[in-house]
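Just so it is clear, A, B, C, D, E and F label the chains in written order, and each chain counts residues from 1 on its own.
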Amino acid sequence: MLIHLSSPHIHSGDSIRSQMMSVIWALIPAALVSVYIFGWLAVLQISSCMLACLATEWLTLKWMGRSTSPIGDASAALTGLLLALTLPALTPWWMTILGGIFAIGLGKQVYGGLGYNPFNPALSARIILLISFPLQMTTWIIPLHASLSGLNLYDVSLAWTLFTSGIAALPQAVDAMTMASPLGYVKTAWTQGIGANEALQTYHYSYLNAFIGREAGSLGETSALALLLGGIYLLARHTITWHIPFSFLATVAVLAATANTLDPNHYTPPLFHLLAGGLMLCVFFMATDPVSSPVTPVGQLVFGVGCGVITWSIRTWGGYPEGAMFAVVLMNCAVPLIDHYCRPKVYGQARKKA
Amino acid sequence: MIKHFFKKLGFSSAPFAGGIQPDMQKWTESSAIEICPLPPLLIVPMKQHIGQACSSLVKVGDHVLRGQKIAKAEGYVSVPVHAPTSGKVIKIEEHAIPHPSGMGLASIFIEPDGLDERDTSLQPITDWQNMDVGALRERVRVCGIAGLGGAAFPTFIKLVQDQRNPIETVILNGIECEPFLTNDHRLMVEHSQEILHGMKIIMHMVGAKQGIIAIEDNKADAIQSMQDTVDDANIEGLNIHVRVLPTRYPQGSEKQLIEVIIGKQVPAGKLPMHVGVICQNIGTTKAIYEAVVLGYPLTERVMTVSGDAVPNKGNLLVRLGTSMRFIYAQRGLENFEGLQILHGGPMMGERLRHPDIPVIKSSTGLLALSQDFFKQAHAVEEPCIRCGHCSEACPIGLTPNLLADHCRNEQLEKAADYHLFDCIECGACSYVCPSHIPLVHYFRFGKGQAAQVRREQNFAEASRQRSESRDTRIQREKDEKAAKRKKVRATHAPTPTEAEQGKE
Amino acid sequence: MSAFSDFAVILLSAVLVNNYVLTKFLGICPFLGVSGKTETAIGMSFAVMFVMTLASTASWLVQQYILIPLDLLYLQTIFFILIIATLVQFIEMMIHKVSPVLYQGLGIYLPLITTNCAVLGVALLNVQQDNTFITSALYGFGAALGFALVLVLFSGLRERMEGAPVPDAFKGSAVTLITAGMMSLAFLGFSGLVKV
Amino acid sequence: MKFSKEQWRMVTALLLVAVLSTTFLGITNILTRAPIAEAERQALMDALMQVLPKHNNDPIQDTRQISLPKHKQATTFYISRNQNQSINAIAWETIAPDGYNGSIRILMAVRPNGSLNAVRITYHQETPGLGDGIMNLSWLDAFVGKSLSNAHWAVKKDGGDFDQFTGATITPRAVVKAIKKGLEMFAKQRAYLFEDKKEVAKELKDALR
Amino acid sequence: MHCGSGTEEQVADTKGEIFANGFWHNNAIFAQLLGMCPLLGVTTSAENGFWMGAATLVALLGSNLVVSLVRDFIPSSVRIPAYITIIAAFVSMIGMAMNAWMHEMYLILGLFIPLIVVNCAILGRAEAFASKNTPVNSLVDALAMGSGFTFALVLLGGVREILGQGTCFGFNILGDSYPDVLMFILPPGAFIALGFILAGVNIINRRMAAKKEQQALQTTQIPITLETQS
Amino acid sequence: MLESLMYAILALGGFALFSGLVLAISSKVFHIEGDPLSDKIDALLPQTQCGQCGFPGCRPYADAVASNTVDVNHCVPGGERTMLAIADVMGVEPKAVDEEEATPMVAFIREDECIGCTLCIKACPVDAIVGAPKQYHTVIADHCTGCVLCLEPCPVDCIDMIAKPELLEHWSWPLPDTQRAQTGLERRESHHHD
């Protein structure tokens, strides 16, 4: 029996598990959309990634001689789900699993497990995969047009072959099956001196498609709608607060709008930025990862603004077509300092100068 | 600025930061105050307030009367202790008090004679309006009144008129934001007259122009009762109002309440009076009325006995010094196996290790909770996931999770930089933490360590000074001796050298 | 390009894209050694900025007015390091005397700087890049700024990791390096941001 | 100002150490000067050998310098001659500024008829596994024999003759463009490079301006 | 401060102990985290690591020898400039020699050759060991430190090369189907791979310590049992 | 050839001479006296004056630490906290403290046995003992640092060391009994004792 028990002696009943589960619930729409678009391939990717994460968590805990009960808090499953949703549908199976191992092993357990990782595990793993295997990580399957080219991803065995043998198993030429993501296309066009408007036109870009999830992209990032629904659910459940999503989105929008107004032919419009790439996923689910984001409201605003600036800068001037995930991990580096310098005003204390 | 403007227009709704809304469980809100019978033995600890302990005025074997001063105050921040009933002093020794350490304090054991005779040496003062404020203050002091809201701060200290900090507003704290507790609530329902009377005395004493009775909106009958009484009284043209506030923990905390009522924060290191306010608890106010108008020292208080393990919950008027075991027994609880007994509310009260502990002035409630209640609160601590719920809940604006880290690692300077000493230990942060981190416990640990360090430093400083003064003294003596010897040597034969002398 | 945007490119490139610590691998020892506490990291940062800016200009002068005219390029290394060592020691003594407050903050880091490869590195790279006097000062300052940025960020991360239940095998330097790796990973995101 | 003994020792110690060190260094320098020059020459030679045809002269000695617009330093052209001293190829380094990750340096050799003899990449920072496909000899071999007139100077994706790599079009695009520009420049400077020296002096003046 | 003085010098008497200390217990990389820049900067392959290590070893030998010869002559206030000048001279000589006779490797190692001067491990050794020991011991120490450093460089270079390209010293060992994990050739991979190597070193050291403790326990237990018997 | 060597030697030699002179001059110009370090350290010591550090009192130990001639871990009464604080000031690695911290003690004189010889008064470094010759002496418990220096000189062995009474006011909350807090504690301890 514990001798010294401090007040309070009652509790709200909230738990880590319930927090994590609410995020998993919030991701269900996005996961469903990915299954709708990519068929069984999505199911295979998501389940193998989640399993890899859970297995890594279990094994590392065992190896360290720690209790394996944290498996039950669903955080590893959530990491797996999120990582899977950031992967292209055609990721080879071993890469997906390697990603899961990186995420949990290198991104989380090395630091002591849940709550101690300074960087977002899923995003760290995704960046490792991207820089290690840039080709596979930037090869996008043409969404929904699969059936047009005779690919039926609702066919289990085809999905299985694609999953296990990769692009090589595609019945047609790779080029016919894959396409650039809108961001990648615009970036490539830019290097050739083609303007933003023209590029979007030749891409046949449609805002509606991007909103509901019919442009090329990773499993879970295609549908802004599904992600928005999940985000709203999280806000309503009070799992996340508005600070990071708002400041992140607003910063990207404001920067994009300003640049677009100044030179519409050079810079893509704000709505394009908001709907494109992994931004929505990052905004609602990754930048808000409590463990690797600031705790204080002001800090969260600063964090969001930082993410926004970096995302837009990388997308616009950087070498990589998508900057959201780099932005989040880069800002993760600054979180301890942000937390230190953005503490709330304390009751009765004059605001500190300097 | 803008906030202030809106507040002026009367649009203020939730003007204190943070806060939580726990399940209030006010099961005893409609149980009338009952009188708890006299126990066979009363144990009166010689310190029941914040400040210095008293020293005994009686010997074993003495016969005492109810209200007789049996221990006198030592120092300024202290109030005397009175005999709760008439009877015989049978021993004076250490006995456990309601304190988290489980340690004891010198206490006077009184065996009641059952007659409950009162000491009538204090005269009732009915025309306090015309009395010297100082005399009234003295009366409040000698009657041993300490804040009954839980902190038990000697009340007379607060009741002063200070030219530099004129008090404009007296706030009666009828918030009672702790779950379970209903004693102030019942007092307001049943004793509104006395409370209002007490309030008038306080306003007279501090020279306040305005009085506000703050009540949360979950106490409709208390609001009604106080409002009626105030309405009747306001015929006299008094500036006293009832303010109904939305229910929110910890609104009852003085600092938060003041911010809500007058829209100003008490600056750090300052007191409510520096913003022209004093804040008194309902029970304290009634005790002031009794002390002044009836001449009764503080010998009893109302407390709530509740919790799911108490068969017969209620609000009791209890003599100070009554054993808690006796009270529980009165309410049908005798077996404490697997229960958690709490002194005070569940948010701020202490957990007691056994019920053989007397009731003191700060005893607002007595709870007995079963496993179901406290297993959640004291569940296994998991790692902080930095969800920020604690920061959101904190009414002071701290970052509890970071602060707790510093306390845990004993980085006391950092903890102080993170405003450890501004924490009011309200427990809102621990309450919401999904990882069940005993944040408040860490803060208490940190504060204790810091106090320890400060004590050690002071002691070291004092030791250094003593050591240095000793060294200089010895040096001086040596010098004097040497000088003397020199004189002697000048006249006599050679003596041992100086160096050898010095070595000795 | 205007001079101003030239300068901006030099700075951005040195701070973010070609960060000395994370992509050029210079000054790793102090990066690992003095990043335990944010306070020390900030002190070190200022010291490094001061010395690196001075060192790159001083070495530029020596290169232009001694080494090249006398055809003594093979003495470059020894000359530069002597400049740096002297400079550092001189500054240390001066600060100690002139401003004890500043010495409290910077003094203890100054001796560490002599053996910081970033300082010699900046001097050598500077003259390799045909910088002018102004751009070499800017380049030195930018490189130091980049060093300072990651040093301070890293110290924050390390402070945060202090209480973490890191697995036994990874305790201490192992997890520190992995964190540096993660940071370097993140900084890859800046690649291509400015083309030089 | 008077120095104490200790301070004098500081000065002399430092001085002695420096003088001794320099002496040794100077001697080493004298000893290694020739080998270093030789090593540098050899390295250059190795590179040139990869792009130049068989020759009978020393292309490192047989050079022309041209200050090209937008280039800070003059570009050196290495001339290769066959037995009868007629030029059989000219090699120089050109730069593709718009690689995926910075500049790419290309060593190219052109025959008198304006067709490429061979191309090599001397420096690049492209992504390993993607852009670094340009290092493949098989890809570089596609340039052999190509001239401005007999090839479509673009990658296949843009309707040209040269392969791109899956997922990495930017790099080959940059290389192809740079080589094309190199050929164009060559065409312009042909006169100076091939013709006899009198005419040259005039051109040189222009070029150096 | 991070050079030498921060780390505790173990007492070493025999040449063997000096060597063991320098090679393992006080290893510049594993134990002291010094000389990290060349370690991380040039180890994209095992071969590069080896030559960098060799160059450092030579510089270390030379500087340790000279410093221990002149140690009594140099006043402590100009110690650092003087030592560093000596080191710089050696490094420049090595650089010139490499440039002359190993031109290609000289170009690959590039900036990191002159930077050997500021490799804290070298100045650290001059300060902590050579300035207090005889020339012979200093040479042994230099040999040990240098080879320990080389070992670390080759190890990291090998690991990065194998993981990043599937080859080791240029030999293909993981087969053609191995998917090169590019991260390990890029800067982040250097940090991360070194982190894992240090974790491995930690485990080895722990095992060694546990063994030693056990042995110590056994040796101390004997007299105790004897005592109780008698 | 030799000419170039001459230049080299002249250039670098000249530069080294210049550096040496600059340093020598500045070491003269910027010379400073005194060391506030030992004051700082003295402020951290517990002032028990017990001599367990091997120095006759705290001040001498502080001086020794400040001059870098002795380790930071010799003050036994100060315990780990003091050691850490000193290590921080000195900027050196923490070291294990010689001995475990004991419970605080104070001296107590059995007055009926005391012969009033005043020897203990002379021994007490902090004047914590009062009494006149030939009368019994008393320890002022609040002043006693528990250094035990008075035990030895007492000819009749009438001085005991008793545990310092624990006051309710001095009680402080211990760390929570939760596993996390405890492992944190262990981690910290093992870190310092490595």
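Methods note: a residue touches a chain if its C-beta (ideal position, glycine included) is under 8 Å from a C-beta of that chain, and two chains touch if they have at least 3 such contacts.
Everything quoted here is computed from the prediction, not taken from an experiment.
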| item | value |
| --- | --- |
| For subunit C and subunit E, chains touching each | A, D, F |
| Fewest touching-chain hops separating subunit B from subunit F | 1 |
| Which of B-C and D-E has more C-beta pairs touching across its chains | D-E |
| Chain whose mean Cα position lies farthest from subunit F | D |
| Computed distance of Cα centres, subunit D from subunit B, in Å | 85 |
| Inter-chain centre distance, subunit E versus subunit F - centres from mean C-alpha coordinates, in Å | 37 |
| Cα-centroid distance, subunit A relative to subunit C, in whole angstrom | 34 |
| Geometric centre distance via CA averages, subunit E-subunit B, whole Å | 63 |
| Shared interface positions of subunit C, touching two or more other chains | 74-75, 78, 82, 85-86, 89, 108, 163, 165, 168, 170, 175, 178, 182, 185, 188, 191-192 |
| Residues of subunit B whose C-beta touches two or more other chains | 100, 382-383, 408-409, 438, 441, 444 |
| Set of subunit F residues in contact with two or more other chains | 4, 8, 11-12, 15-16, 19-20, 23, 27, 91, 173-174, 176, 184 |
| All chain pairs that touch each other | A-B, A-C, A-D, A-E, A-F, B-C, B-F, C-D, C-E, C-F, D-E, D-F, E-F |
| Residues of subunit D touching subunit F in the complex | 1, 3, 7-8, 10-15, 17-19, 21-23, 25-27, 29-30 |
| Residue ranges of subunit D in contact with subunit E within the complex | 6, 9-10, 13-14, 17-18, 21-22, 24-25, 28-29, 32, 35-36, 38-40, 42-43, 127-129 |
| Subunit A contact footprint on subunit D (complex, rising order) | 98, 100-101, 127, 129-130, 166-170, 173 |
| Of subunit F, residues touching subunit B in the complex | 42, 45-49, 57-58, 81, 125-128, 143, 145, 166, 168, 170-176, 178-181, 184, 188 |
| Subunit A contact footprint on subunit F (complex, rising order) | 173-174, 176-177 |
